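Residue numbering begins at 1 within each chain, and the chains themselves are lettered A, B, C and D in the order written.
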Amino acid sequence: MLDANSILFAGAVGLLVIGIGGMVISDHLYRMLLALALAEAGANLMLVLAGFKWNAVAPIVTFSMAGTSGMVDPVPQAMVLTAIVIGVGVQALALTMIIRIRNAYGTLSMREIKHKMEQDFAAKADLPIETRNIPARNE
Amino acid sequence: MQELIILTFAVPLLLAFLLPSLSRISFTLSKLLAPVVLVALAVMVGCIWQFHDDTFVLHIGNFTGPQGIVFYIDRLALLFAFAVPVITVLLWPWYFDPQESSELKTRKLSLTLLLVAASAGMSLSGDIFNLYVFYELLAVASYGLIAAGDHKAGGSSYAAAFRYLMISALGSVFALLGIALIYFQTGTLNLAHLSEMKQVLDSPAGLIAFVFILLGFGVKAELFPVNSWVPEAYMASSKRVAGLLAGLVSKLAVLVIIKALILIYPQDEARQLLLILGVIGVLIGEFSAMKAQDMTRMLSWSSIAQLGLVFIAFSIPGKAGMLAGLAVALHHMITKPALFLIAERWGGSLQKLTGQAASSPLMAALFVLFALSMVGVPPLPGFWAKFLLLSGLSAQEAWLAIGVVLVMTVIEANYLYRVISSLYGKDELQSISSGHHKADVFSAAILGGVLIFSTIQIQAIGKTLDDIASDAVDIKSYISNSIGGSS
Amino acid sequence: MHRFTSFLFLGGFLFFLSVLAGILPLGDPPMLIGQVIQNQGATETGAANLVTAVVLGYRGIDTLGELAILFAAATAGGLVLSSGRRKSSVCSDDDAGFIVKTAAELLFPLLVVAGLYIVIHGHLTPGGGFQGGVILASAFFLPLLARPSAKMNHKVMSLVEGFSGAAFICIGLIGLFNHGAFLQPFLSKGVVGELFSAGTLPLLYIAVGLKVGAELAGLLAALNEEDDTEEGNEHA
Amino acid sequence: MIEWFLFVIVIIMLSAAIMAMLLDNLLAATVSASVVSLGLAMVFVFLKAPDVAMTEAAVGAGLSSLILALGLKRLGLWKLDNDEEDNS
């Protein structure tokens, strides 16, 4: 019942579902960013699991066992290294955008931001601004 | 000679790294150096195309066998490796807002070069994780370019870029997951090696991996469920960037999906899925384009619809599908950037366009030309693309899809005619907008020239495409070329 | 409605993934290329740490792509943060406390040494350019945290990040022109397990370490810089 | 034995992840997210992936938290208590 592989698989799936769920459902920009980090963590765990072999050793050749089999697969580990660093780069970039959005619109709610963005577009394209609320900006 | 093809990836990257230091010495130099290098690269690819008939394979780091990364260079890859620098030079940010600091401009140039490097890598690579890495590079560079916005965008460019980033990052998680699932089952990443083992992936788990990969790479290919970013991003960014993303970047994402489809997933289920998503994309795109009130949004939605057509075409099995898909994709690659260039000044409300043809007759004429080709009026290449698509579909007896394509063509003609009629309409309360920038006119005119040239040379082009298509669907030689039959 | 579809989607996602748990060969993967690399990796590249062999040897171009992604993220981040900003010389000069300042001075050399050590031994032991680069980045960021008025030297920064990335590509191009394939390892492979072994891989890792360190330090510094535009919006 | 250990780590990770999504205080949510990274780093050690574990600890738990913290400070959301509502 309690087998290490299924525990870790469940952990990866859990992180993925929580992360993706958070990204889809949340309305707060910063929380979407946290959710993205969680989802990436889940995907990374899944990738490492894809190369994991039970009862094997880490993929480092030592003098005692050079060349023998029974190491875990190094390829997914290398891929995860890449994916982790990519993830943090994207995260930092997203954070700079959040800071700018807040400066421009003064809010961090996705729904309000979308609304204001549409108004900006309408103003830019010389279209009548939708009259749902907020009077037309006059600059 | 032929191994120099790697330079199409390495040199733009090198230049992008060094550009910030270079522009401290002279900004003009760094602004002009990059297009020159890109043109030289395009010439080099042209030479390789001319003098090397055979498909060849580059083993990066000389690690032969499926454990290393392979660049697989056939005619299809060369075609894209040629198109990437050419289209980029045409859409190069030649002019800037005078208020921007030179540091900011340099950053934009660097990002554009990174986009070129990633695109070149994507057109050549034959390794699924390597493709993912290049795709991410493409994505990050395009976030930056969209966030840079155009001078009027304000906060909306950040908002659009952030929403795009979130969708794209979600897609990347899916793509990574798909690659993990594939690796779980096969233990390899090389496309040819995977193709050899495709029966392993002919299972529910394999198909789930395909769906994940489709969702991941579909973001940039403007595939149906993950394309809500498209109109916003194109509205917010400068039209040159929009043209680059719609014309070039989307095609490279499509290329990845097609490689996966042809080499790894020949099942009917995968093709059906692509067909359904493509049809939905066409329906949503054309109807939304019809409702659009401004030109940029209309072009964005029509881009989604055109890519839907591309997916419908590629869902036809065998060479017919490859040929039709290539034709539609290449046609879109030429027309959409040109239309976005035209929309640089005319991107606003459609009503304000009334009578603008008088102020800029050349651009109006070009718009008419591209619109006619997009609808598919006979002598123009767009007609032949749609003809190939429809004949391929009728061979498959996919009558529903044919009906959708035909009806949507009528709708497309309807909204494009609306624009044309207002362009040439007479209206006294016109507000002449400032004219097009010279660089825009020049690039659009070149693209128009290409379109007319291909109308004249349609037979030669048809034959070349036919060769490329039959190469591309030849899985056996793909496998034997890249891993030499041994594994 | 949106919430409902989201939950539906998540439910389907969860269902598919749980079904997969039964199908996938958990704990006993096929490892086709992994096995090959285990057998040949150490002799082909000369690196004892096979993950390094994969990262810089077999999949070196992935790593180059990744450096490019970091560069793109840093460039785009700088673009986003610097556009439309009025240059302000007024910096909030509230110094960090005594502890942070002293710790920064003490830790700086330690972190630099540790970072370099990890980078240089990347082909022998766990660690390498990414991990060491992150430590280097934090080392160079620490003084900024201690003294907010200090500014990072952008000119040096862009030189380091430009030339370390260029060095990686140039090593690759030397491989192409002298030995036939892009990023082909050259130089003597030495004895597996010794510091001076594995040919060009340690050089590549040094380039990676410097590049990662410079990019991340630049990003951190950009995020740390206050600008006056947001003061006005603070309570908007 | 080792299964139980992994079980506990996974439970901690998942609950920290849920907390990161539900906590109103964004600083606390950020800390929860870095707890997830730390747990993940431990899991990677058990998965015989020392390189990945080091990277995850340095990047995921360290650098990423630092970046997020700097961001929180600039966004003006750096609050230790919950008096003010935030629009999550």
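Points worth noting:
The working rule: a residue touches a chain if its C-beta (ideal position, glycine included) is under 8 Å from a C-beta of that chain, and two chains touch if they have at least 3 such contacts.
Please read all numbers here as calculations on a predicted model, not as lab measurements.
Common neighbours of chain B and chain C, listed by label, are A.
Chain A and chain D, compared by their mean Cα positions, are separated by 13 Å.
One inter-chain figure worth recording: chain A and chain B are separated by 25 Å, centre to centre, where each centre is the mean of the chain's CA atoms. Note: centroid distance chain C to chain D, computed from Cα atoms, is 20 Å. Distance between chain A and chain C, defined via averaged C-alpha coordinates, is recorded as 17 Å. Touching two or more other chains at once are residues 49-52, 55, 59, 63, 67, 70-71, 74 of chain D.
Chain A has residues 4, 10, 16, 19-21, 24, 44, 49-52, 58-60, 71, 73, 75, 77, 79, 81-82, 84-86, 88-90, 92-93, 95, 97-100, 102-103 in contact with two or more other chains. Shown for chain C are the residues that touch two or more other chains, namely 24, 29, 31, 33-34, 37, 49, 51, 58-59, 62, 66, 69, 72-73, 76, 80, 126, 130, 216, 219, 223, 230.
Of all possible chain pairings, those that touch are A-B, A-C, A-D, B-C, C-D. The residues of chain A lying in touch with chain C in their complex are 4-6, 9-10, 13, 16-17, 20-21, 24-25, 49-54, 58-63, 66-67, 69, 71, 73-75, 77-79, 81-82, 84-86, 88-90, 92-93, 95-97, 99-100, 102-103, 106.
Contact residues of chain C toward chain B in the complex are 16, 19-20, 23-25, 29-34, 36-37, 40, 44, 57-62, 64-66, 68-69, 71-73, 75-76, 78-80, 82-83, 155, 158-159, 161-163, 165-166, 169-170, 172-173, 175-176, 179-185.
Those residues of chain D that touch chain C in the complex are listed here as 49-55, 58-59, 62-63, 66-67, 70-71, 74, 76.
Contact residues on chain C toward chain D in their complex (touch as defined above): 49, 51-52, 126-128, 130-131, 134-135, 137-138, 141, 216, 219-220, 223-224, 226, 230, 234.
Residues 16, 19-20, 23-24, 29, 32, 36, 39-40, 42-44, 46-47, 49-51, 73, 75-76, 79, 82-83, 86, 89-90, 93-94, 97-98, 100-101, 103-105, 110, 113-114, 116-117, 120-121, 124-127 of chain A are the ones that touch chain B when the two sit in their complex.
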